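Each structure below is given as structure tokens.
Next come two complexes built around chain A: one with chain B, the other with chain C.
Showing the complex of A and B:
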């Protein structure tokens, strides 16, 4: 720096953990209500809010809450798959498989809702995992390519063959007794998936899954069969997606080709990217920002997908950390300008 | 019947090869993702339509301008978006896919659908081979398609730029140490690929109306050809195009046009199961497999 002459002071931004974070990091150090609240408000407040929302919202927004929760769950499952190193461009695949399974079980065997949804969840997860087995041996973009292709393939197949009602879809399916059950079922499912996945990735099992993303060869040399692990991760994601599909089938009492639409692939992806990948909380936050926003902007119709796509690009290029990581940083750390020693 | 299948299968294969060339140049040969490829194809089509019908330019001028414009757009896409996420595969895929999606859905929103959106053919007329009619446009497609494929083969083997394209995909560090500016080369590669997409669009789109959905089909077909042929191989692109092209024609002839699209999708899955690096793929064979 001497080249420029003089004493040019260079500064860099320094981030330091807040005192309250340092003190409350360890649960034994909690000594005041302030510290207790600092730790407990971020996880507890959203839970209370989510459980209270169905009670205070009007009917229309209850419906929006249901869609938002479904997209949030899909975003969580997308985020989980990314944690294992697989980037899906087609969550609609899992969603659609579940939706059609539930519809088919209902029409063909006249099973009650409480059987079709669990069955569709499990069988859907299994089917998704089997379908994607060929891609597991490849790294890089192959997984994205194939997941992009598969939902389209299902859509075309159903259109071409007329199976499962063809272009008409399956109508007159059983629906839930009332909207309260719908609301609370999906909200509780959302909380279960959210906390379940967060817990899962911190267990030993989750550690192995994360390691596959970071260095698959190292995991293999540890004597672990990574294809089997990846297949299990796919089953988990597939089941979660299939559950959403099966649930929506019974909410609409209808299932048709739109369940494989791009919306169900791009919105979860956009939610996770906008909210921030890797923490699950980000995906949740992203979905609860994007979906109600798009509902409020319903008037613009087809422009919605454009907005999702653009926000996706802007975030991935300019703010790759996402909203959640930014907020988290502000909550836990403060910043100051520090002089750099030459 | 057999004759028609053979001739139209040939033409269909050349069309697939033409569609895949640009994608293969960018993704296969230089290793840069461009999932906005289908959108660029459609964008070039609409650009020509707008220049002819709204501005009133003659077709040849409009076509050349559209190719240049699309290539510049590719360059801009690289400079503004891809450059910042280069090397992070996930981000590359998501960012380019997002750009493509935004373009396609914007066209849909602006109402660019309908029968009036057609491009003029190069020369009108048709030809008989045996009992089969072939219009001149298809002959143009075959002629230009074959010369472009040949050109690409020679380009990637005997020109410095072409060798640099392959170099940055094989080993970027070594390419850098040999004086190849990998950012510049990768940008050029996206631009060339986009230009090829525009050429393909101008040749192929006159066969029907321009529709937004075709953008997705183009991307999928291009991906299928590249995966099956193997990344980084021009010969692979040609062989894979012929395989899928004839397979599509045969399914079309025997079980109806709806099944046509499914062929390439099934082909991708089978090839990934049997030979993941593709028929002729050598590049990074080890790094992509685990």
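Showing the complex of A and C:
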């Protein structure tokens, strides 16, 4: 083979995204329809799929979709709090507060659903932030411990005092007119939260939140009140969690102590870790793997929890970076044959 | 010889009286008094553990004083939260550079630009602060549009981290800038390029406190030097005079008995 042989044609493999990306991650130079699809399918396809799912699923799996979406939203809110450097072990706190608020507003004031949910969302967010104000100075594992304990404390308080219906819970609450409204309300909420949070963290405001995780002292010496910023982040997370709780209250027409259960704290966390933290897409993907998997395993009976736990461990050990990061990396490494003149 | 003699002293900017800090039984800073006027460059020197950084932490609010008083422009700022003090126009760097490691270098500068002190000044639209940040980085010697500006701050070489810290202070449009061992770990060439930046800041009327161990470089630019030893001020005056003091010689070289 002559090195300077003129027009001898060779083939070599090259990455598909070679030539698409120009200098930075958000400027593309697309030269063909195929390249356009390569770039646009990954973000667009899941959105279309999510919107189409309620139409094609049978009733049982529609209900699974609702639960999955709720856990996905909780996972997103957990992931958001991590961006600010706060590792919460108690998303159940936000969820439970929202659930009980919606139930209480319904029973006590007979408000319609379209009022209870927004009210529970806002007031729930506010309450969450206020409850955690005293621990804003805590960092790392100390903050986590407090968030772990608070929902358990609420659960026991309701049990011991009999407030809000005690162990019986509040029953006979208003429900949604039909399952289509439930499905689409939660799917659209999921998409809004997903794109909203992704947008938020790229703004200068979001940048400051990210910086607090990096180094809170340096943010303070930049003249920024980090406690106020953290309180706002807690309000955002709290509202999102409270919305989920209020929504589920009206789906079940019931609210009881289980809303403060560990499930609502651990599953969102597991989803984010299995799916991949820090991108929001990972949390969403994780929830859509873990929750349906748990449902699919129902048929097995007793060993269900064991198999579920084993698969969780396998995911985390095999792909510690998270499924989303792994898939994303592989996707960018797809290669094609290209002709080169040598 | 001090390079900026003859500079007209401005108004009294910082007034420190009887400032003390005890950590348990350790008296880290003891009854420190000094004044600082607009436009001065004060060197803060002393052996390791003499309380220099604690003194800075007391002034900037990162450590609450056990006693004494700090006034800035006549306003009592003793024990205020660090962000409140920063908003008044006192910026500082940290001995160990504290970049936001995950963020690109220029995004590091966006953080102080978001402070209420300058938020309105740097424009509110998306991306406005980015360009202000890049301009500031250029001011401290980042090559314009070089890839360094876009690299994650955690991966920057030491020299650039120090410049980044300087740019953060400039972003806050601070009037009093406190530099904690800015020169440490810099090569002669890096020093030669960073000193003019400080001189430029002086010409713009900034007031500067520098904690420094590299005395030769410090004395070229400092108007005045404050020497600490075991938490106490043992000398305060022009660099040449201070180094003649017996107390200072003892503190640095030890006594012979």
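Things worth noting here:
The working rule: the second predicted complex is superposed on the first by the 283 of 342 C-alpha atoms of A that agree within 3 Å, B and C clash if a C-alpha of one lies under 4 Å from a C-alpha of the other, contacts with A are read in each partner's own complex, and residues count from 1 in each chain.
As a working rule, a contact is a pair of C-beta atoms (placed from the backbone, for glycine too) under 8 Å apart; a residue touches a chain by one contact, two chains touch by 3 or more.
It should be emphasised that the depicted structure is a prediction, and the values quoted were computed from it without experimental measurement.
In the superposition on chain A, the chain among chain B and chain C reaching more residues of chain A is B. Of the two partner chains placed by superposition, only chain B is touched by A:303; chain C is not.
In the superposed model, A:204 lies in contact with chain C only, and not with chain B.
By the document's definition of touching, of the two partners only chain B reaches A:152; chain C does not. Contacts of A:160 after superposition: chain B is touched, whereas chain C is not reached. When the two complexes are overlaid on their common chain A, residue A:253 makes contact with neither chain B nor chain C. When both complexes are overlaid on chain A, the residue A:223 reaches chain C alone and has no touch with chain B. After overlaying the two complexes on the shared chain, residue contacts for A:135 are found with chain B alone; chain C is out of touch. Shared interface residues of chain A (contacting chain B in one complex, chain C in the other): 217, 220, 226.
Touching chain A in their complex are the following residues of chain B: 33, 80-81, 84-85, 89-91, 93-95, 97-99, 101-102, 105-106, 108-109, 216, 220, 223-224, 227, 256, 258-259, 261-262, 265-266, 268-269, 272-273, 276, 287-290. In the complex of the two chains, the chain A residues touching chain B come out as 82, 87, 89, 134-135, 137-142, 144-146, 148-150, 152-153, 156-157, 159-161, 216-217, 220, 226, 262, 266, 269, 273, 301-303, 305-306, 308-310, 312-313, 316-318, 320. Residues of chain C that touch chain A in their complex: 60, 62, 81-83, 86-87, 91-92, 94, 98-103, 107-108, 110-118, 126, 129, 150, 168, 171-172. For chain A in complex with chain C, the touching residues are 24, 203-205, 207-208, 210-211, 214-215, 217-226.
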